[in-house]
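For clarity, chains are labelled A, B, C, D and E in written order, and residue numbers in each chain start from 1.
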Amino acid sequence: MKYITKLLIITILVACVLLSGCTQPSANSTESSTPAGDNRIQKLVIGTTNKVEDTNINDYYFGTFSRRLTHQALVTIAANGDIVPELATSWDTSDLKIWTFHLVGNATWHDGNPLTAQDIKFTMDYRKKNDPNWKSIFGGLRSVEAPDNRTVIMTLDKPDFNFLMNLATYRVLPEHIYKNVDDPKKFNSPDAWIGTGPYMLKSFDKATGLLHFEIYDQYWGQSPAIDQIDIRYFANTDTMMLAFQKGEIDAPYAYATGFSPFYVPKLLDNEDIGIMTQKNSGITNVLWFNENKTYLDSKAFRQAVSYAIDYEEMKNIFTAGYGSIPDSGLVPQCTLYYKETRPLAYDVNKSKDLLDAAGFKDTNGDGFREAPDGKKFQPVLSTRSDMVDNVRAVEMLKKYLNAVGIDVQLKIMDRTSFGNSMDFDKTHEMALARTTYWGMQMGAGYGSGYIDQRIYGWSMVNDSKFQTTVDQLTSTIDKDKRKDLAGQLQDYYADEMPAIAVYNMDIIQPYKKNYVGWVYNPCSGILNYDTLFGLHKA
Amino acid sequence: MSQAEGKTRFFAGKVLRYGITLVIILTINFAIPRAMPGDPMINLLGDEAARIDNQILGELRAQYGLDRPIQDQYIEYMLGAGRLDFGYSIHKNLKVTDLIYDRLFWTLVLIFPSIAIGGLLALVLGAIAGFRHGSKVDRLLTGASILMYSCPSFLFAMIIVTIFSFHLGWFPLGNISSGRTQGFAYLLDIGWHLFLPVAILATFEAAYIFLIVRNSITQIMGEYFIFVAKAKGLSARVIELRHVMRNVLPQFISIMALNFGFMVSGALIIEIVFSLNGMGTLIYDAVMSRDYPVLQGAFVFLTIFVLAANFLADVLYGITDPRIGDSMSTGKMT
Amino acid sequence: MLELTDVSKIFQTSFLRRDRKVAVDCVSFRLKEGEILGLVGESGCGKSTLGRLAVKLMQPSGGHIFLDEKDVTDLPERQFREYRQRIQIVFQHPESALNPHFTLMDSILEAFYRLGTPKSDYQTMLERLANEVNLPLDIVDRYPNQVSGGEIQRAVLTRVFAFKPRYLVLDEPTSMLDVSVQAHILQLLKKKAREDRMGMLFISHDLEVVRAMCDRVMVMKEGRIIEEGTADKIFTDPSTPYLHKLIANV
Amino acid sequence: MELSLPGNLFRLLNDTGIKSLDQNPLRSLGIIILTALVLVAVFAPYLAPHDPKQTSIPYQSPSSEHLLGTNDLGQDVFSELIYGARVSLTIGFLSGIISIVIGVTVGIFAGYFRGWAEELLMGTTDVFLLIPSLPLMIILAAYLNPSMWNIIVVVGLLCWCSTARLVHSRVLQVREMQFIESTRALGYSDLYIIIRHVLVNTKDIIYAKFSLAVASAMLSEASLSFLGLGDPLNISWGEMIHFAFSRGGFANDMWWWYLPPGLMICVTLLAFIMLTIEGRKDSKILELI
Amino acid sequence: MSLLKIRGLSVTFDTLQGPFKAIEDIDLDVEELDTLAIVGESGCGKSVLGHATMRLLDDIAVVRGSVIYRGREVYAMSRKELLEMRGKAISLVPQSPSASFNPVIRIGKQITELIEKAGVAHGMEAEQRALTYLEYVGFSDPHAIFGSYPHRMSGGMCERALIAMSTSTEPDLIIADEPTKGLDALSRKNILDMLHRMTAESSLIMITHDLKAAAMCKRIAVMYSGEIIEIGPTRVVLEHPVHHYTRGLIDAQPSRGMRPIPGRHTICSHKSEGCRFRDRCDRVRTECGRHTLLREIEEGHMVRCHYA
């Protein structure tokens, strides 16, 4: 019973905290300027389950960590989600097609060479040749020019609202090093570690995955608050959390996600550990309907399903209170131009009425409804086997749907088969899958990429009214107009229900209380400049 | 036929057999992604293929030769395997072979001491139990080893970690070392980190081999030549050490090597529990991300090692047991 | 009449290699009904192989086998089955002569099934046969490991005699038995040969037994018959030095 | 029977003497445990206090209402454990049957007919025996969709080699026994001899091997489940541990969630092993896994 | 003083079916340079007697009675004395030649081992001695045999090597257990000749079921169902057997007409009191139900029969 009480208390506490604000981290909102003297932190140890295999620029997690600490980009994303300057002090564009950036003046590489606009041009040209992901990120980038040492001009094929967002993740590389590197996949010497950031990578232990960073004393900006940072690798979250409780690490870190709520009770037992939460800008679990499939194209059916689900129970079980029930308008509340739509509600009778009205009736008396044409009706609900939460969640959904007489069949698929059926074959019927922050930005944003048949199309919506709205949104710069269009999209979701956001879990980030100044960033988690420059001893 | 010729023929036969085995295993490996349901391209490249657009996919398809006839693909594949080339992990952005090399090293670092310690333990305890067949010690040891048999290794390891590393805090929670130490201190550090995993693996190994040693000792103790040795008036110690152990040794060696495969499986689980940087975690990650090239490469490498261990065992067996080499010649000197 | 002409058997010692071993080399003999023909030789001389060839448990590599003037050499097993009742074999080792998981009765019944004897006749038939070979009826429900070697051999003879075979190959039937038991069995066989006119090929390395049992004797060495004649002639006047040595050592 | 010393004597003493002393109680214990488990599996709906699918408050500690607490979905762990016996035993038995059928068939045909069939079959067996089975199982399970039937087939298909080898060597021995030849001389066909004589003489190792095959199939299933390759819709004991592992059971020290299924696996495996212990013949344990 | 004096020796094995008396109440004397054949059919207890004499059974069976070797009680010896006695004073030529040598140790090593243990010779000298004895038993190239393994040799060769081993310590008494078992006629004669030649300097107890082999010894003891039923000088016993079993045994020989002994030989028959052969004896009378002792009917010829 101990845990139950604890969970309840946490739930209440968290609910209170959440009511007080959405975008700000719940703890440590008091900011302090650069701490000095005794307050300085000699060494910060961060645990992670993200393993760096090799220190070449193609290594995914090396990229993640170096982007946080050693390497910089033109712009970066602030804790509140705004795009703010980094290597570029300012930028301007008139038509979202031609972008001009002005660089900082005194930035130097870790080997002492100054950063120039030529480095940025070189980076873009170089990566175009050898980055396998280039096309999906910068496919629309036509040219990069460096008219002088401090100015970069980038030209796009067509206006792109998301261009800065993409730039924010893209590390700038030193030309004087990489111009001699033919195969960056194999280039992993300490020279590959050279960036412009406040930290230098001093050593990398391949066997243990341990990264050791030290402060770069020639850094162009102000000096960070921590002298050394160790990134320690753990193969699973449980052991990382045990190490965290033992005090071996100062904070656990996971790229772009938080930690499961079931770790919370044990962590809160520990006086030294604090928990902060952050609203998720993706959606943790969404129930998608493939509208191309017979019977699933029925709007009444989809709405009936939406009334059959006990959102409150789902939220409690899967988020332990660290979550929320999304609106019928799909997009999370922290999205720009979020519009309040009908809240999702659990109403079994209404669901049954809707089904009856739509012709889904139990004609053969087996307890399950048949399709309006009298055929057997057994929609398939699929999900990915490697996402344990999803596997558990579809079991719950089956229970709810059975309760209103829908004989849903579960299909647990491995990640590849699931991806195949959702992305290529479109053989799925109903599916439970999450959306990511980036995914929500696809197409015209607001998750339209997942809905629109022309783009990713998990819902395979081919409605001209919907597609017109999407097209207008892509080509509109005007803010008021954008807001209006975004609202239209959300209304469309709320009405047609091509997908139901079942629950949304907050990002949970534990940290050590003996340091103050932890800040969570939606893009880079706790490893961000706010934390690095502001953290100090309690 | 001369004895030397018999031995040569024996080893030549072994080499041939292992060669054929290797080819068959490589063939199985070649066949799996092509025979399994789904697009072989996706089966070969894994999940990441889904994110690559069709043009690149087409190029990769050509690169892997999936558009060519199956026999050409097979030849290409076998040539690649000959160069230890098992393709490229898009997920990890590395050549599979490069990825495997250092992982394999750490797995072997885990396995070899475990085999050595476990084997020695099994030999000593097996001898104790075997010579005192039916005694209390024998029952106790046999019971304990059967108990170990029936315990899933991951559960055992998890419980050990929880007790010794977390609650008691005597050992680290995983990983191979704390990093950034040099020389002797580094070795000590690794030893400290590997203590629990090696202890657990060695225990399982010992439990496994113990029964075999005990049993073959019991069996040999019942052989007529042991009775004859008693009749010769040899002391119990001489009989046990010289006559019995000499007979147990060939079987012991071969079981140790046969067990290499079992140890590899065990090591996979133990590595995952202890977050060790080896083949186990590599395979686990690859399973989680459906990184098929890595899975296949890892499988082939492990198999090659198991084959090598078995080959070594056969050779050692041939050397330690005089009957083996001779069995290849036509028969007795009648 | 059982007749073997130029029968050979060559073993390939390994599947892959070409090593060959000639176990039986162009052997010819005739076995008349009611005659006991001895076959002697050292161990490994091929006499057991010859015995198996005679009942076609092995297919000869060359030569012909005639059973009552019919060439049965190349008869496939299925067609040869009807001839099996005419020619039977008894082996050396009592401990493996019967299925250890069958009682003696089960093993004997196997022969009855084969003959298609009606179930009602089992009891009388068993009593008759058991009486003939002196098998105590109270032990037929025991397993082979619960009775003595002599009794096993009797059970074996019971099931062989159920077929009323015309020819019988005896592959050292008593060499594992004690003398007193051996005497029993041998007397029994001799009587059977005389009274039922059964032709027997008696394979043994024990020259004394052969001398006491056989009408004619063949001496085999390294796969060949090196001497043949009546028992008296062979033992009193051996013509080859090998046989001479053999007899001298008895 | 005839006695001659000392060979026979040792056999006599070891086969009979020790058998009477210590093996029968263990064996009966194994049978009792397994019977109990099968009964639990069959009568699960009557024994389980709750529907294992019914959800309530998650992560509860043991109480009189929930003897072993509740899991991450608030399902009763005790009921789940009882229903888990069904899945685990089904997987074990079916995989065991597959592996034993293949192993026995291969072993008997190779041993009985010899020649090229033997070279081919036993060569294949040796190859399969050398392949580290867990990695191959992982690969196959990773390619196939996670379902109980796939696991049964994969495990069953990879566990037959040691059976084949053992049966083969026994058949070689049996084949040399003369009653086989005399039965042939009676005019019986090979098929009859295989079924009536060879099988009868290998049945003890087939039983023992079957029991060990079931045990090792259960162990393999548990390992695959632990690695997340199990069937999440049919919760076996291994799958329970997997969920406990991946949904915070270990992190929160909820031993009542992960230990009972672990113990059930241990006990079941132990019971199967005990079935095969036959005094001196406990060498059969050697072929485990 | 006789070399070996056995008095009232009984060996009982514990089996599932209850205690089983393999031999009962055996009295036997062996003088220096005596050769004694113990004859009997399977299960009569002759091998048990041989092994019990060397105290090889006392950890697996209950042995009662006494065995006195040169005035010392074998069953009262300390472990050390016993080990010293075996191989050195009393040597066994074991039963199955191919199973008697350790398969993974060279023949020479196994012989040298015994020589060194007995303290007869050491090191090179012991090896030399082993080679010499190998030559004695008729190996033309003793070095080859010395370095060979048992599986490379035939049964007959192993038997010869065993004889070489057992005699190499020049023991006072050699117990040969079925030395001709499983050999064909040609090598049987060979081995027997060899054995007698090699044991010219010592006493020999030869355990056999073969009357021909027994005929080469000075005395014969016939065993039936765990008892000695007749013992005496070879010629007397073979030519004028008194006990009906002995007579039956001789008559059952093929050369003597193969007359079978009626009845069944069952090893459990001796549970009852009285003469154990009476079920099969053709002159059985009521007295046969009483127990009878081995009685001396003439000089050195003893018979266990009421009618002797």
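Quick notes on this structure:
Simple rule for what comes next: a contact is a pair of C-beta atoms (placed from the backbone, for glycine too) under 8 Å apart; a residue touches a chain by one contact, two chains touch by 3 or more.
Predicted model only: the values in this text are computed from it and were never measured.
Looking at the partners of chain A and chain B together, the chains they share are D.
Counting contacting C-beta pairs between every two chains, the top pair is B-D. Separating the centre of chain B from that of chain E, both taken as means of CA atoms, is a distance of 52 Å. Distance between chain B and chain D, defined via averaged C-alpha coordinates, is recorded as 22 Å.
If you average the Cα atoms of chain C and of chain D, the two centres end up 46 Å apart. Separating the CA-averaged centres of chain C and chain E is a span of 33 Å. Shared interface positions of chain E, defined as residues touching 2 or more other chains, are 42, 51, 56, 95-96, 99. Shown for chain A are the residues that touch two or more other chains, namely 242, 386, 414, 417. Contact with two or more other chains is made by residues 38, 43, 224, 227, 272, 284, 288, 290, 334 of chain B.
Touching chain C in their complex are the following residues of chain E: 41-42, 184-186, 188-190, 209, 211, 248-249, 252-255, 257-261, 264-266. Contacts from chain D toward chain A in the complex involve residues 53, 55, 57-61, 63, 72-74, 142-147, 228-229, 231-233, 243, 245-248, 250-253. For chain B in complex with chain D, the touching residues are 17, 20-21, 24-25, 28, 32-33, 36-38, 43, 134, 139, 142, 146-147, 149-155, 158, 162, 208, 211-212, 215, 218-219, 222, 224, 227, 261-262, 264-265, 268-269, 272, 283-284, 287-288, 290, 292, 295-296, 298-299, 302-303, 306-307, 310. Put simply, chain C touches chain E in their complex at residues 42-43, 136, 148-151, 178-184, 186-187, 205-209, 211-213, 245-246, 249-250.
Residues of chain A touching chain B in their complex: 51, 53-54, 56, 58-60, 132-133, 135-136, 185, 203, 205-210, 212, 230, 232-236, 239, 242-243, 245-246, 248, 386, 414-417, 419-420, 423-424.
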